[in-house]
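There's a structure below that I have some questions on.
Letters A, B, C and D name the chains as they come in the text, with residue numbers starting at 1 for each one.
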Amino acid sequence: MEALILQVLNGLDKGSAYALIALGLTLIFGTLGVVNFAHGALFMIGAFCAVTLNRLLTLSHIVVDETQKDFLGNPLNVEVPYLYDFFGQAAGDVIIDWSVPISILVAIPVMMLIGVAMERGLIKHFYKRPHADQILVTFGLAIVLQEIIKYFYGANPIPTPAPSAFTGSFDFGAALGFDPNLIIYPYWRLVYFAFAAVIIGAVFAFLQFTTFGMVVRAGMQDRETVGLLGIHIDRRFTIMFGLAAAVAGLAGVMYTPINSPNYHMGMDFLVLSFVVVVVGGMGSLGGAVLAGFLLGVLESFASMGQVLEVLPGLNQVILYVVAIIVLLTRPRGLMGRRGVMED
Amino acid sequence: MLSLNARDFQLLLFVAAITMLAPIFLNPFPVDSSLAQFNGGYPDLMQRFVIFGIFAIGFNILFGLTGYLSFGHAAFLGAGSYAAIWMMKLLTMNIIPAIILSIIVAGLFSLAVGFISLRRSGIYFSILTLAFAQMSYSLAYSVLTPITGGETGLQPKLNDPRILDGELAAGETARANLFGLEMGSSYDLAVGGWVFTFNVGYYIAAICMLLAFYASIRIFRSPFGLMLRAVKSNQNRLGYTGVSTRPYTLAAFVISGMYAGVAGGLMVAMDTQAGAERMFWTASGEVVLMTILGGAGTLIGPVLGAGMIKYMENIISKINTTILEAWFAWAPDGLQDVLVSVIYPFVGKGWHLTLGLVFMLVVIFLPGGLMEGFEKIGGLFSRKKGKNSDSVAGSASPAAAE
Amino acid sequence: MSERKDLTRRRVLKAGATATAAGAVTPYFFTSPALADGHEGFRNAPKGDTVTLGFNVPQSGPYADEGADELRAYELAVEHLNGGGDGGMMGTFSSKALKGNGILGKKVAYVTGDTQTKSDAARASARSMIEKDGAIMITGGSSSGVAVAVQALCQEAGIIFMAGLTHSNDTTGKDKKANGFRHFFNSYMSGAALAPVLAKNYGADRKAYHLTADYNWGYTTEQAVQESTEALGWETVAAVKTPLTQTDFSSYIAPVLQSGADTLVLNHYGGNMVNSLTNAVQFGLRDKQVNGKDFQIVVPLYSRLMAKGAGANVKGIFGSTNWHWSLPDEGSKAFVKSFGTKYGFPPSQAAHTCYVQTMLYADAAERAGTFNPCGIVEALEGFEFDGLGNGKTLYRAEDHQCFKDVLVVKGKENPSSEFDLLEIVEVTPVDQVTYAPDHPQMRDAEGNVVPIGTCNPGA
Amino acid sequence: MSSAQVSSNNDEDRGFERGTPNIVFHIDDVHKSFGGLHALSDVDLDVQEGETHAIIGPNGAGKSTLLNVCVGRLEPDRGAVIFDGHTLTGKQPYEINQLGVARVFQTPEVFPDLTVLENVMLPALSKRDGHFRLNPFKSFHAETRIRDEAIDISTKLGLGPALEIAASSLSRGDKRRLELAMGLIQHPRLLLLDEPTAGMARADTNATIELLKTIKEDGMTIVIIEHDMHVVFSLADRISVLAGGRIIAQGLPDEIKGNPKVKEAYLGEEEL
């Protein structure tokens, strides 16, 4: 029982990451009809926004400490962040400690800008091109982006911790009346879940309750008709691309404390996010979110030791098994529309 | 000739000439020159050119003709490789049974995967094939380790049974061969400063590729091929024309799976090793990229694409700072440093960056792949009627002349 | 037309150039391999005044940084072999055969390639070095899959393979080859070295929960650690396999506490290790008390480069390592000094093993007086040496595995710099980690001992 | 090649005697609704062997829905479509075509990437290979019989100069002609024409009428849906009038012309 509750929690948490990425991917696909293989790269760039901000905040000048020795036996060069000079050590440490949440503020405009630049500079030339071309060009872009990141940040993961206030974990078990320590969950992962819920809610509310959103939704249904109404849909779609990039980027920023970011984290998520989107149904925002959580929960269940004893290797293939079953029983995924991406 | 029209026959002859002479023109630079780095005429790379050429030709029969974008073809290549290596371990190091079994296994595997995946089309089909391939990879890497060797893969071992081969003499290693002719054997021709390597394995693989290429031309030009192109053009309409499309697409899928099997078997024949990574999704993606880069739906494009990607992977990635410094030794110190530091990010460990840029540039400026580029260049020199000479759209033109 | 196998263009070129008038198209037929100047009768015998080594390291993919460090070490080794720099460990090496004039009087040149940490790519790269560049020895790599694949290739081609970072038992166990040599330690040694330290620090009645990367290296490591710890009284509660491609380990870590285990063993390496350790610490496992004991985490194979990725999470966590730059012996000090002076930071254990392997190869060639792989094998088998950073070391003849002391380390609580992440807890003496060549962990799936075969000179 | 030869081939295929009134196509009590909207109700229709039967009706009367039901694109809620003893309902479109029912689409649905000649040859090949024939090594150009016929039919329809260009570059009118050629080359036993002349210029329309007349004389059974009354009364042997999803009248052209119900249905649409 406790194990199941725990894995549902896990699943929801994993699912929130999947759902966020799939949501952005679906926004781009649904509005622009573009299959964006560079979406994982946007997620990765988001994460590196956090890394970069952390680096900027810890920009240091060097103070030679004669009392300590470095590995070659020379006096140690101690790095002192400029931040200490401005705010004093205590306040400086707090700011550095909170660098991940602070990066959200940085990441939103940066990611919007990157998204808009990408759409205007590259993607818009590919609206009328076959999906295979879109895949190839965005895949090329993804490689270029990740190689650039690798060039500047190296291949190793870079630790980017959460604020120390969020270290440790919350004991659900105790709160629910079970024995302590049975159901614990890290605070930051709970924050991530809440954050994902807010973002997903905000995107849906934006599409549902604003005129802008209504036009975009109409455009997703039937682009030509909306165009005929004399509405300049292209500009709105550009903004939607920026928005989708920002969603992916934010998912990346908040993910950094969970797993240290590295340059290929986007590729790791790419296949998975496509599986999520397709299981949800191409072009369906609700489907993307639903499939994200569904696959997250199922993946968590499949990774339980008890399950693996019966079906060894299930954890290796669970996502694909689910994808195959869903696609064979529901031709267009869970909530897909007819005629989307079927040719 | 060979039941081909004049144009296709010329193309076949051209490809045959190129593959047979590849050891010569792939080594355009003298061995001791600083540009020898760009020579691609050594056995391993030449073998890879033709093997991946076969893989891409087969993939093109599915994707180029029917438009079904499989993201899981590497699984068939991998299955073929495992079949071949087991044949070599258990039966004989002769490559014939190994390749035959790899074709059969890949064919059966693709039949099963295709039968299920082709129930859907478009991206749903792509994801289904991807799912099967990723499952194959994951399982081969982990729980199927007893069969696949997992992380370390399979290689021939001294204590393998090899029923048909005799006991190895002391100190002898089991080598892949064709009735005693070893794949690793080479004949080197030194001419002036140049050395050209004629490798047995390469020529066997090249002959396989020519056969594969010939078969692919025949398929392109057959009524069966027309059906497949009609599937790509308007599958719905084809149903109203009286065609049950599933058997056709399935046949195309299995044929391309068998091509992948040939490639997988040849890979093992040339280099006796089979590992799970060759089933990873990036390997499937690679053949997609090869095909599109070269020109999907064209006869020769996929081979070009395969050659280009493998060349970059094997040549560009080996350029290091020492080599760059040697190249620009003529330049004054400051300029040398600038040149090296400008080029360095794109070569050696940065070869992926170059690859990504090439993809983008080709797709942006040459939607039809490299073949379109060649046609454009060709168009500058001749003003012949009709555009794409090699593309399928042009395939009926000789008929009109009759 | 005679047809010969395994010729290399370099050799033919040199011979051919003498036989060919300029501009004339005269095919050169190689009929007799024995031109008898001591550098014939084997593949890629160096001609002229240089000898080419092949450095095959991951330059792209997740282990690219490790590969870059390996490459630095190789460049340093070449520099030292050719008489440049301060000579590094050549001065402390017990064998004094190397003179700083290259190897056997030939200047050392090298080629590099990218393994991508994939067997296929690694073999392609190695083959191009052998076939195109005429490399006489291949070395490098940062995974056992690659090491085993390239080792098999070198055996077939008649080239010496000096393994880089590879920790699986298989490399010198069931997949050992006569032409292949490993200086790095292995899973068995990790287990044997770690277990006593763990028992001493954490007690002999621990309940361990293993998370194991689902591939060969993970299996051998899990087995080694399990057997060693169980021999000292530990109990293994569960051992769960995790996919190589896993990035988020939360669903594997969450059930650990419910199992009643009080120790978590992470048989992960590289990115897997960084993520699983980070996740485990996130879950606050180390703040918990189980069975009246503090919960502990163990990482059998540490890599400092990767530990950096886990940041503060490594603090206080035990693991083993092949070598560490803070070792106080003369060899290590000399190596750290010349590496640090050249590159500005201390070398990793991967860099160390690669440097040492290059030196050992060069030394073996000098002592054997030939580049012939069979001569090298003979010179390395049973070779005892010292002064290369790990104390007295034996290259065992039976399986070409080095036997030396193993370091048990712990994540440092107060690192003084970004390199100062690990502290040495104990240097486990070599006797404690030595095993018989036919030890069950070194056998194949059927329990047979796989023969090492004989050296292959390739011609 | 002349159409005479075409029709003689056709007769061999049929293998039954002409001349007797023989109901070959029967729509039996078909219902189809979309949501709450009844697109077709109680539709009954008989078509005799060799006759040309026109279905007319105002916009939204359900004509296209009826045709879609006939070729298997839509499944009726109730009722059945029977052709020559075979129930078409529930069959796949390709199976229906294989029985000898060809459809010419209102909006041209050709194969845009293939040449005109290939487009025309394809249905003939389909008729032969449609159930699946693996002939990957046979040369397409060896199909001389089919190609000759395709060239013949295309030329007759005025597509002669366009044989080698991609169908996507045809004008809309040419695409419709191509559609017609693709239907004719199959020598179907039943040809379903969905507004074959829509969007054609008057001269082209007349040429098409003439062509259809020759086909009709060869004895092909034709069901034609048409808006253009000039076409209908030039060709039809019998006419059914569909309005509001029901057949409101059926009979010879002259009977229909005088039928008040029909006039009512067409009120405001067009003078008959």
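A few notes on this one:
Everything that follows uses one rule, which is that a contact is a pair of C-beta atoms (placed from the backbone, for glycine too) under 8 Å apart; a residue touches a chain by one contact, two chains touch by 3 or more.
Everything quoted here is computed from the prediction, not taken from an experiment.
Shared contact partners of chain B and chain D do not exist in this assembly. When C-beta pairs in contact are tallied for each pair of chains, B-C comes out on top.
When every chain is reduced to the mean of its C-alpha atoms, the one closest to the centre of the whole protein set is B. Separating the centre of chain B from that of chain C, both taken as means of CA atoms, is a distance of 33 Å.
Taking each chain's centre as the mean of its C-alpha atoms, chain A lies 36 Å from chain C. Rounded to whole angstrom units, the spacing between the C-alpha centres of chain C and chain D is 75. Counting partner chains per residue, chain B shows two or more touched chains at residues 138, 141-143, 352. Shared contact sites, meaning residues of chain A that touch two or more other chains, fall at 312-313, 316. Taken pair by pair, the chains that touch are A-B, A-C, B-C, B-D. Across the complex, chain B meets chain C through its residues 31-32, 39, 42-45, 48, 138, 141-143, 145-146, 149-153, 155-159, 170-171, 173, 175, 182, 184-193, 195, 197, 200, 267, 271-273, 275, 277-278, 313-314, 317-318, 320, 322, 348-349, 351-352.
On the chain A side of its complex with chain C, the touching residues are 2-3, 6-7, 9-11, 13-14, 17, 68, 70-72, 76, 150, 154-159, 161, 167-169, 181-182, 184-186, 188-189, 257-260, 262, 264-265, 268-269, 299-300, 303-305, 308, 312-313, 315-316.
Partner chain B is touched in their complex by these residues of chain D: 71, 73, 92-95, 97-98, 102-103, 105, 109-115, 117-118, 121-123, 125-127, 129-141, 143, 147, 163-164, 166, 182, 186. Against chain D, in their complex, chain B makes its touches with residues 3-5, 215, 218-219, 221-227, 229-230, 232-234, 236-245, 247-248, 251, 255, 386, 393, 395-400. Across the complex, chain B is touched by residues 1, 3-10, 12-13, 15-17, 19-20, 22-23, 25-28, 30, 59-60, 64, 67-68, 110-114, 118-121, 123-125, 127-128, 131-132, 143-145, 148-149, 152-153, 155-157, 168, 170, 175, 214-217, 219, 241, 243-245, 445, 448, 450-451, 453-456 of chain C.
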